[in-house]
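Before anything else, here's the structure in question.
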Amino acid sequence: MIKKEKINIKTKGNTDVIDITREVQSKVDKSGVQEGHVLVFVSGSTAGVTTVEYEPGLEKDLKEMFERVVPSDKDYYHNERWGDGNGHSHVRASLLGPSVIVPFSNGELLLGTWQQIVLMDFDNRARSREIVVQVVGE
Amino acid sequence: MIKKEKINIKTKGNTDVIDITREVQSKVDKSGVQEGHVLVFVSGSTAGVTTVEYEPGLEKDLKEMFERVVPSDKDYYHNERWGDGNGHSHVRASLLGPSVIVPFSNGELLLGTWQQIVLMDFDNRARSREIVVQVVGE
Amino acid sequence: MIKKEKINIKTKGNTDVIDITREVQSKVDKSGVQEGHVLVFVSGSTAGVTTVEYEPGLEKDLKEMFERVVPSDKDYYHNERWGDGNGHSHVRASLLGPSVIVPFSNGELLLGTWQQIVLMDFDNRARSREIVVQVVGE
(Lines give C-alpha, C1' and ligand atoms only; values in the text may rest on other atoms or scores of the structure.)
Protein backbone atom coordinates (compact mmCIF):
# COMPACT_ATOMS: atom_id res chain seq x y z
CA MET A 1 0.00 0.00 0.00
CA ILE A 2 1.21 3.51 -0.84
CA LYS A 3 -0.25 6.67 0.67
CA LYS A 4 0.85 10.07 -0.55
CA GLU A 5 0.84 13.15 1.64
CA LYS A 6 2.34 16.61 1.38
CA ILE A 7 4.09 18.87 3.86
CA ASN A 8 4.31 22.60 3.18
CA ILE A 9 7.23 24.42 4.77
CA LYS A 10 8.25 28.06 4.71
CA THR A 11 12.04 28.49 4.77
CA LYS A 12 14.48 31.37 5.02
CA GLY A 13 16.64 29.91 2.25
CA ASN A 14 20.43 30.41 2.48
CA THR A 15 21.08 26.81 3.60
CA ASP A 16 18.31 26.90 6.18
CA VAL A 17 18.09 23.57 8.06
CA ILE A 18 14.58 22.60 9.18
CA ASP A 19 13.63 19.61 11.31
CA ILE A 20 10.61 17.89 9.70
CA THR A 21 10.70 14.66 11.75
CA ARG A 22 7.50 15.39 13.64
CA GLU A 23 5.60 16.16 10.44
CA VAL A 24 6.86 12.97 8.77
CA GLN A 25 5.98 10.84 11.82
CA SER A 26 2.48 12.35 11.86
CA LYS A 27 1.95 11.29 8.22
CA VAL A 28 2.98 7.75 9.17
CA ASP A 29 0.55 7.86 12.11
CA LYS A 30 -2.26 9.12 9.90
CA SER A 31 -1.69 6.34 7.34
CA GLY A 32 -2.27 3.64 9.92
CA VAL A 33 0.51 1.60 8.31
CA GLN A 34 2.54 -0.32 10.91
CA GLU A 35 5.46 -1.85 8.96
CA GLY A 36 7.15 -0.13 6.05
CA HIS A 37 9.12 2.91 5.05
CA VAL A 38 8.54 6.52 4.17
CA LEU A 39 9.95 8.41 1.19
CA VAL A 40 10.59 12.12 1.87
CA PHE A 41 11.18 14.00 -1.41
CA VAL A 42 11.49 17.73 -2.03
CA SER A 43 10.31 18.99 -5.42
CA GLY A 44 12.68 21.65 -6.74
CA SER A 45 16.33 21.88 -7.66
CA THR A 46 17.71 24.11 -4.88
CA ALA A 47 16.81 22.07 -1.79
CA GLY A 48 17.67 18.66 -0.37
CA VAL A 49 16.80 16.21 2.38
CA THR A 50 19.04 14.27 4.77
CA THR A 51 19.27 13.21 8.43
CA VAL A 52 21.29 14.91 11.16
CA GLU A 53 21.38 15.35 14.93
CA TYR A 54 19.32 18.51 14.93
CA GLU A 55 20.93 21.02 17.28
CA PRO A 56 22.14 24.61 16.73
CA GLY A 57 25.84 23.69 16.64
CA LEU A 58 25.53 21.16 13.83
CA GLU A 59 23.19 23.48 11.96
CA LYS A 60 26.06 25.98 11.76
CA ASP A 61 28.62 23.25 11.03
CA LEU A 62 26.56 21.98 8.07
CA LYS A 63 26.26 25.52 6.68
CA GLU A 64 30.02 26.06 7.03
CA MET A 65 30.77 22.76 5.29
CA PHE A 66 28.59 23.65 2.30
CA GLU A 67 30.07 27.17 2.19
CA ARG A 68 33.57 25.62 2.10
CA VAL A 69 32.80 22.88 -0.44
CA VAL A 70 30.48 24.90 -2.71
CA PRO A 71 31.23 28.58 -1.95
CA SER A 72 28.45 31.11 -2.50
CA ASP A 73 30.89 33.83 -3.64
CA LYS A 74 32.49 31.83 -6.49
CA ASP A 75 31.67 32.46 -10.12
CA TYR A 76 29.11 30.01 -11.52
CA TYR A 77 28.28 29.46 -15.18
CA HIS A 78 24.64 29.20 -14.13
CA ASN A 79 24.72 32.77 -12.80
CA GLU A 80 26.30 34.11 -15.99
CA ARG A 81 23.48 32.65 -18.07
CA TRP A 82 20.48 33.21 -15.80
CA GLY A 83 21.54 36.06 -13.50
CA ASP A 84 19.63 34.71 -10.50
CA GLY A 85 22.75 34.30 -8.36
CA ASN A 86 21.87 30.86 -7.03
CA GLY A 87 24.36 28.67 -8.91
CA HIS A 88 25.81 27.48 -5.60
CA SER A 89 22.30 26.56 -4.39
CA HIS A 90 21.78 24.20 -7.32
CA VAL A 91 25.18 22.56 -6.97
CA ARG A 92 24.70 22.01 -3.22
CA ALA A 93 21.26 20.49 -3.79
CA SER A 94 22.53 18.08 -6.46
CA LEU A 95 25.36 16.97 -4.18
CA LEU A 96 23.08 16.30 -1.21
CA GLY A 97 20.19 14.79 -3.17
CA PRO A 98 16.44 15.47 -3.05
CA SER A 99 15.24 12.61 -0.87
CA VAL A 100 15.71 10.25 2.04
CA ILE A 101 13.93 7.00 2.90
CA VAL A 102 13.37 6.00 6.52
CA PRO A 103 12.01 2.62 7.64
CA PHE A 104 9.45 2.30 10.44
CA SER A 105 8.17 -0.54 12.60
CA ASN A 106 5.08 -0.65 14.84
CA GLY A 107 4.32 2.74 13.34
CA GLU A 108 7.52 4.36 14.70
CA LEU A 109 10.32 5.74 12.54
CA LEU A 110 13.50 3.68 13.07
CA LEU A 111 15.73 6.73 13.52
CA GLY A 112 18.54 6.87 16.04
CA THR A 113 17.82 8.78 19.26
CA TRP A 114 19.75 11.79 18.00
CA GLN A 115 18.84 11.50 14.33
CA GLN A 116 16.29 13.82 12.75
CA ILE A 117 14.99 14.21 9.20
CA VAL A 118 15.84 17.69 7.87
CA LEU A 119 15.01 19.78 4.86
CA MET A 120 17.94 21.93 3.70
CA ASP A 121 16.96 24.92 1.61
CA PHE A 122 19.96 26.17 -0.36
CA ASP A 123 18.20 28.86 -2.41
CA ASN A 124 19.36 32.45 -1.97
CA ARG A 125 15.97 33.70 -0.79
CA ALA A 126 13.03 32.63 1.37
CA ARG A 127 10.90 29.92 -0.23
CA SER A 128 7.70 27.95 0.25
CA ARG A 129 8.55 24.29 -0.19
CA GLU A 130 6.34 21.34 -0.96
CA ILE A 131 7.61 18.03 0.35
CA VAL A 132 6.11 14.79 -0.91
CA VAL A 133 5.79 12.09 1.76
CA GLN A 134 4.94 8.57 0.58
CA VAL A 135 4.18 5.93 3.18
CA VAL A 136 4.81 2.43 1.80
CA GLY A 137 3.91 -0.70 3.74
CA GLU A 138 1.41 -3.12 5.11
CA MET B 1 3.25 -3.87 -7.81
CA ILE B 2 6.86 -3.61 -9.01
CA LYS B 3 7.84 -3.42 -12.68
CA LYS B 4 11.47 -3.52 -13.69
CA GLU B 5 12.78 -1.85 -16.82
CA LYS B 6 16.23 -0.97 -18.14
CA ILE B 7 17.62 2.10 -19.87
CA ASN B 8 20.84 1.83 -21.86
CA ILE B 9 22.87 5.01 -22.19
CA LYS B 10 26.12 5.74 -23.99
CA THR B 11 28.23 8.32 -22.17
CA LYS B 12 31.44 10.23 -22.84
CA GLY B 13 32.64 9.60 -19.27
CA ASN B 14 34.71 12.34 -17.56
CA THR B 15 31.82 13.51 -15.39
CA ASP B 16 29.39 13.56 -18.29
CA VAL B 17 25.92 14.73 -17.16
CA ILE B 18 23.00 13.18 -19.06
CA ASP B 19 19.34 14.04 -18.68
CA ILE B 20 17.33 10.79 -18.45
CA THR B 21 14.02 12.29 -17.27
CA ARG B 22 12.18 11.54 -20.50
CA GLU B 23 13.31 7.90 -20.48
CA VAL B 24 12.27 7.46 -16.85
CA GLN B 25 8.87 9.09 -17.45
CA SER B 26 8.30 6.79 -20.44
CA LYS B 27 8.91 3.72 -18.24
CA VAL B 28 6.32 5.05 -15.79
CA ASP B 29 3.90 5.60 -18.70
CA LYS B 30 4.50 2.07 -20.01
CA SER B 31 3.86 0.52 -16.59
CA GLY B 32 0.36 1.98 -16.40
CA VAL B 33 0.90 2.64 -12.69
CA GLN B 34 -0.75 5.90 -11.58
CA GLU B 35 0.39 6.38 -7.96
CA GLY B 36 3.82 5.40 -6.68
CA HIS B 37 7.50 6.06 -7.09
CA VAL B 38 10.33 5.08 -9.36
CA LEU B 39 13.79 3.86 -8.33
CA VAL B 40 16.57 4.86 -10.74
CA PHE B 41 19.75 2.88 -10.03
CA VAL B 42 22.99 2.71 -12.01
CA SER B 43 24.91 -0.55 -11.83
CA GLY B 44 28.64 0.11 -11.59
CA SER B 45 30.97 1.92 -9.21
CA THR B 46 32.05 4.93 -11.30
CA ALA B 47 28.68 6.57 -12.00
CA GLY B 48 25.89 8.12 -9.96
CA VAL B 49 22.37 9.53 -10.21
CA THR B 50 20.89 12.77 -8.86
CA THR B 51 18.53 15.59 -9.84
CA VAL B 52 19.53 19.02 -11.17
CA GLU B 53 18.20 21.86 -13.29
CA TYR B 54 19.59 20.53 -16.52
CA GLU B 55 21.15 23.42 -18.43
CA PRO B 56 24.67 23.89 -19.86
CA GLY B 57 25.81 26.30 -17.12
CA LEU B 58 25.03 23.95 -14.23
CA GLU B 59 26.51 21.05 -16.17
CA LYS B 60 29.85 22.89 -16.09
CA ASP B 61 29.35 24.01 -12.48
CA LEU B 62 28.77 20.43 -11.34
CA LYS B 63 31.91 19.26 -13.16
CA GLU B 64 33.95 22.05 -11.56
CA MET B 65 32.63 21.21 -8.11
CA PHE B 66 33.61 17.55 -8.44
CA GLU B 67 37.02 18.53 -9.84
CA ARG B 68 37.56 20.79 -6.81
CA VAL B 69 36.31 18.35 -4.18
CA VAL B 70 37.75 15.15 -5.69
CA PRO B 71 40.53 16.29 -8.08
CA SER B 72 41.35 14.05 -11.04
CA ASP B 73 45.08 14.91 -10.89
CA LYS B 74 45.63 13.88 -7.25
CA ASP B 75 47.37 10.63 -6.32
CA TYR B 76 44.96 7.82 -5.46
CA TYR B 77 45.80 4.55 -3.75
CA HIS B 78 43.39 2.86 -6.15
CA ASN B 79 45.50 3.96 -9.12
CA GLU B 80 48.73 2.69 -7.53
CA ARG B 81 47.21 -0.76 -7.13
CA TRP B 82 45.17 -1.10 -10.31
CA GLY B 83 46.75 1.37 -12.74
CA ASP B 84 43.47 2.28 -14.40
CA GLY B 85 43.69 5.96 -13.45
CA ASN B 86 40.08 6.29 -12.34
CA GLY B 87 40.48 6.52 -8.56
CA HIS B 88 38.78 9.92 -8.59
CA SER B 89 35.85 8.44 -10.56
CA HIS B 90 35.19 5.87 -7.84
CA VAL B 91 35.40 8.38 -5.01
CA ARG B 92 33.05 10.82 -6.78
CA ALA B 93 30.53 8.03 -7.44
CA SER B 94 30.53 6.88 -3.80
CA LEU B 95 30.02 10.45 -2.61
CA LEU B 96 27.07 11.11 -4.94
CA GLY B 97 25.43 7.68 -4.60
CA PRO B 98 24.12 5.24 -7.22
CA SER B 99 20.40 5.98 -7.09
CA VAL B 100 17.53 8.40 -6.73
CA ILE B 101 13.84 7.78 -6.01
CA VAL B 102 11.18 10.06 -7.46
CA PRO B 103 7.48 9.91 -6.54
CA PHE B 104 4.74 10.25 -9.17
CA SER B 105 1.01 10.92 -9.09
CA ASN B 106 -1.57 10.52 -11.89
CA GLY B 107 1.30 8.94 -13.79
CA GLU B 108 3.42 12.14 -13.73
CA LEU B 109 6.79 12.44 -11.98
CA LEU B 110 6.51 14.95 -9.11
CA LEU B 111 9.67 16.84 -10.08
CA GLY B 112 9.96 20.60 -9.84
CA THR B 113 9.57 22.52 -13.10
CA TRP B 114 13.35 22.94 -13.38
CA GLN B 115 14.35 19.62 -11.87
CA GLN B 116 15.59 16.79 -14.06
CA ILE B 117 16.90 13.29 -13.29
CA VAL B 118 20.51 12.95 -14.45
CA LEU B 119 23.07 10.21 -14.79
CA MET B 120 26.62 11.37 -14.00
CA ASP B 121 29.35 9.22 -15.49
CA PHE B 122 32.61 9.82 -13.64
CA ASP B 123 34.73 7.18 -15.39
CA ASN B 124 37.79 8.36 -17.32
CA ARG B 125 36.55 6.98 -20.65
CA ALA B 126 33.37 6.56 -22.69
CA ARG B 127 31.04 3.90 -21.29
CA SER B 128 27.81 2.05 -22.04
CA ARG B 129 25.66 2.22 -18.91
CA GLU B 130 22.74 0.11 -17.84
CA ILE B 131 20.27 1.87 -15.59
CA VAL B 132 17.69 -0.15 -13.67
CA VAL B 133 14.30 1.54 -13.39
CA GLN B 134 11.80 0.04 -10.96
CA VAL B 135 8.25 1.38 -10.93
CA VAL B 136 6.56 0.74 -7.58
CA GLY B 137 2.88 1.49 -6.98
CA GLU B 138 -0.75 0.78 -7.49
CA MET C 1 5.46 -7.51 0.49
CA ILE C 2 7.92 -5.98 2.95
CA LYS C 3 10.21 -8.02 5.19
CA LYS C 4 12.34 -6.32 7.81
CA GLU C 5 15.64 -7.70 9.01
CA LYS C 6 18.54 -6.34 11.00
CA ILE C 7 22.31 -6.61 10.63
CA ASN C 8 24.55 -5.93 13.63
CA ILE C 9 28.07 -4.75 12.83
CA LYS C 10 30.97 -3.87 15.07
CA THR C 11 33.09 -1.05 13.65
CA LYS C 12 36.35 0.67 14.52
CA GLY C 13 34.81 4.09 13.83
CA ASN C 14 37.11 6.81 12.38
CA THR C 15 35.62 6.47 8.88
CA ASP C 16 35.81 2.69 8.91
CA VAL C 17 34.53 1.22 5.62
CA ILE C 18 32.82 -2.17 5.96
CA ASP C 19 31.56 -4.35 3.12
CA ILE C 20 28.05 -5.60 4.02
CA THR C 21 27.06 -6.94 0.59
CA ARG C 22 27.08 -10.58 1.66
CA GLU C 23 24.90 -9.87 4.69
CA VAL C 24 22.41 -7.89 2.58
CA GLN C 25 22.28 -10.61 -0.10
CA SER C 26 21.66 -13.23 2.57
CA LYS C 27 18.64 -11.26 3.85
CA VAL C 28 17.27 -11.17 0.30
CA ASP C 29 17.85 -14.94 0.02
CA LYS C 30 16.10 -15.57 3.33
CA SER C 31 13.07 -13.49 2.31
CA GLY C 32 12.40 -15.69 -0.72
CA VAL C 33 11.45 -12.58 -2.70
CA GLN C 34 12.59 -12.80 -6.33
CA GLU C 35 11.86 -9.36 -7.82
CA GLY C 36 12.20 -6.12 -5.88
CA HIS C 37 14.63 -3.94 -4.03
CA VAL C 38 16.27 -3.72 -0.67
CA LEU C 39 16.55 -0.66 1.57
CA VAL C 40 19.72 -0.55 3.67
CA PHE C 41 19.43 2.09 6.42
CA VAL C 42 21.74 2.81 9.35
CA SER C 43 20.13 4.18 12.49
CA GLY C 44 22.30 6.88 14.05
CA SER C 45 23.69 10.24 12.99
CA THR C 46 27.42 9.49 12.64
CA ALA C 47 27.34 6.72 9.99
CA GLY C 48 26.27 6.38 6.39
CA VAL C 49 25.75 3.86 3.61
CA THR C 50 26.85 3.92 -0.05
CA THR C 51 28.30 1.67 -2.75
CA VAL C 52 31.96 1.41 -3.78
CA GLU C 53 34.42 -1.00 -5.36
CA TYR C 54 35.56 -2.48 -2.08
CA GLU C 55 39.35 -2.78 -2.15
CA PRO C 56 42.04 -1.43 0.23
CA GLY C 57 43.14 1.38 -2.09
CA LEU C 58 39.70 2.94 -2.40
CA GLU C 59 39.09 2.47 1.29
CA LYS C 60 42.04 4.81 1.93
CA ASP C 61 41.00 7.16 -0.88
CA LEU C 62 37.51 7.54 0.59
CA LYS C 63 38.96 8.29 4.03
CA GLU C 64 41.31 10.91 2.54
CA MET C 65 38.47 12.54 0.64
CA PHE C 66 36.34 12.90 3.78
CA GLU C 67 39.36 14.17 5.74
CA ARG C 68 39.92 16.81 3.05
CA VAL C 69 36.28 17.86 2.63
CA VAL C 70 35.26 17.65 6.31
CA PRO C 71 38.53 17.80 8.32
CA SER C 72 38.59 16.12 11.72
CA ASP C 73 40.93 18.77 13.18
CA LYS C 74 38.78 21.79 12.36
CA ASP C 75 36.74 23.60 15.03
CA TYR C 76 33.09 22.55 15.09
CA TYR C 77 30.25 24.33 16.88
CA HIS C 78 28.92 20.89 17.81
CA ASN C 79 32.11 20.16 19.78
CA GLU C 80 31.95 23.47 21.63
CA ARG C 81 28.46 22.67 22.85
CA TRP C 82 28.70 18.96 23.53
CA GLY C 83 32.40 18.28 23.95
CA ASP C 84 32.29 14.84 22.37
CA GLY C 85 34.72 15.76 19.59
CA ASN C 86 32.73 14.15 16.77
CA GLY C 87 31.39 17.21 14.97
CA HIS C 88 33.14 16.10 11.79
CA SER C 89 31.53 12.66 12.11
CA HIS C 90 28.04 14.16 12.08
CA VAL C 91 28.75 16.44 9.13
CA ARG C 92 30.26 13.59 7.08
CA ALA C 93 27.26 11.36 7.82
CA SER C 94 24.75 14.02 6.77
CA LEU C 95 26.63 14.63 3.54
CA LEU C 96 26.77 10.93 2.61
CA GLY C 97 23.27 10.03 3.76
CA PRO C 98 22.00 7.14 5.93
CA SER C 99 20.73 4.75 3.28
CA VAL C 100 21.00 3.14 -0.11
CA ILE C 101 18.45 1.17 -2.14
CA VAL C 102 19.56 -1.64 -4.42
CA PRO C 103 17.26 -3.47 -6.85
CA PHE C 104 17.40 -7.25 -7.32
CA SER C 105 16.09 -9.69 -9.90
CA ASN C 106 15.80 -13.48 -9.70
CA GLY C 107 16.88 -13.01 -6.09
CA GLU C 108 20.26 -11.47 -7.04
CA LEU C 109 21.32 -7.90 -6.21
CA LEU C 110 21.75 -5.91 -9.46
CA LEU C 111 25.12 -4.47 -8.45
CA GLY C 112 27.98 -4.03 -10.89
CA THR C 113 30.73 -6.66 -10.74
CA TRP C 114 32.97 -4.31 -8.76
CA GLN C 115 30.28 -2.59 -6.76
CA GLN C 116 29.73 -3.42 -3.10
CA ILE C 117 27.37 -2.04 -0.43
CA VAL C 118 29.36 -0.45 2.40
CA LEU C 119 28.68 0.96 5.83
CA MET C 120 30.87 3.95 6.65
CA ASP C 121 31.26 4.65 10.35
CA PHE C 122 32.42 8.24 10.88
CA ASP C 123 32.25 8.32 14.67
CA ASN C 124 35.48 8.97 16.60
CA ARG C 125 35.37 5.65 18.47
CA ALA C 126 34.45 2.00 17.97
CA ARG C 127 30.69 1.40 17.72
CA SER C 128 28.11 -1.36 17.49
CA ARG C 129 25.80 -0.49 14.63
CA GLU C 130 22.33 -1.70 13.82
CA ILE C 131 21.46 -1.68 10.15
CA VAL C 132 17.83 -2.04 9.08
CA VAL C 133 17.35 -4.08 5.90
CA GLN C 134 13.92 -4.01 4.28
CA VAL C 135 13.23 -6.36 1.38
CA VAL C 136 10.41 -5.03 -0.81
CA GLY C 137 8.94 -7.05 -3.67
CA GLU C 138 6.89 -9.90 -5.00
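Some notes on this structure:
Labels A, B and C are assigned to the chains in the order they are written; within every chain, residues are numbered from 1.
Everything below uses one rule, namely that contacts are C-beta pairs under 8 Å (C-beta built on N, C-alpha and C of every residue); 3 or more make two chains touch, one makes a residue touch a chain.
Since we're looking at a predicted model, the values are computed, not measured.
Counting the residue numbers that touch the partner chain, chain A and chain B have less than half of them in common. Between chain A and chain C, the superposing rotation on Cα atoms measures out at 120°, rounded to the nearest 5. Measuring from the averaged C-alpha position of chain A to that of chain B gives a distance of 20 Å.
For chain C, the set of residues touching two or more other chains reads 69, 95, 97, 101, 136. Considering their complex, residues 35-37, 50-53, 55-58, 60-62, 65, 69, 95-97, 100-103, 105, 110-112, 114-115, 136-138 of chain A touch chain C.
Remark: chain A residues 1-2, 4, 39, 41, 43-45, 69-70, 76-82, 87, 90-91, 93-95, 97-99, 101, 132, 134, 136 touch chain B in the complex.
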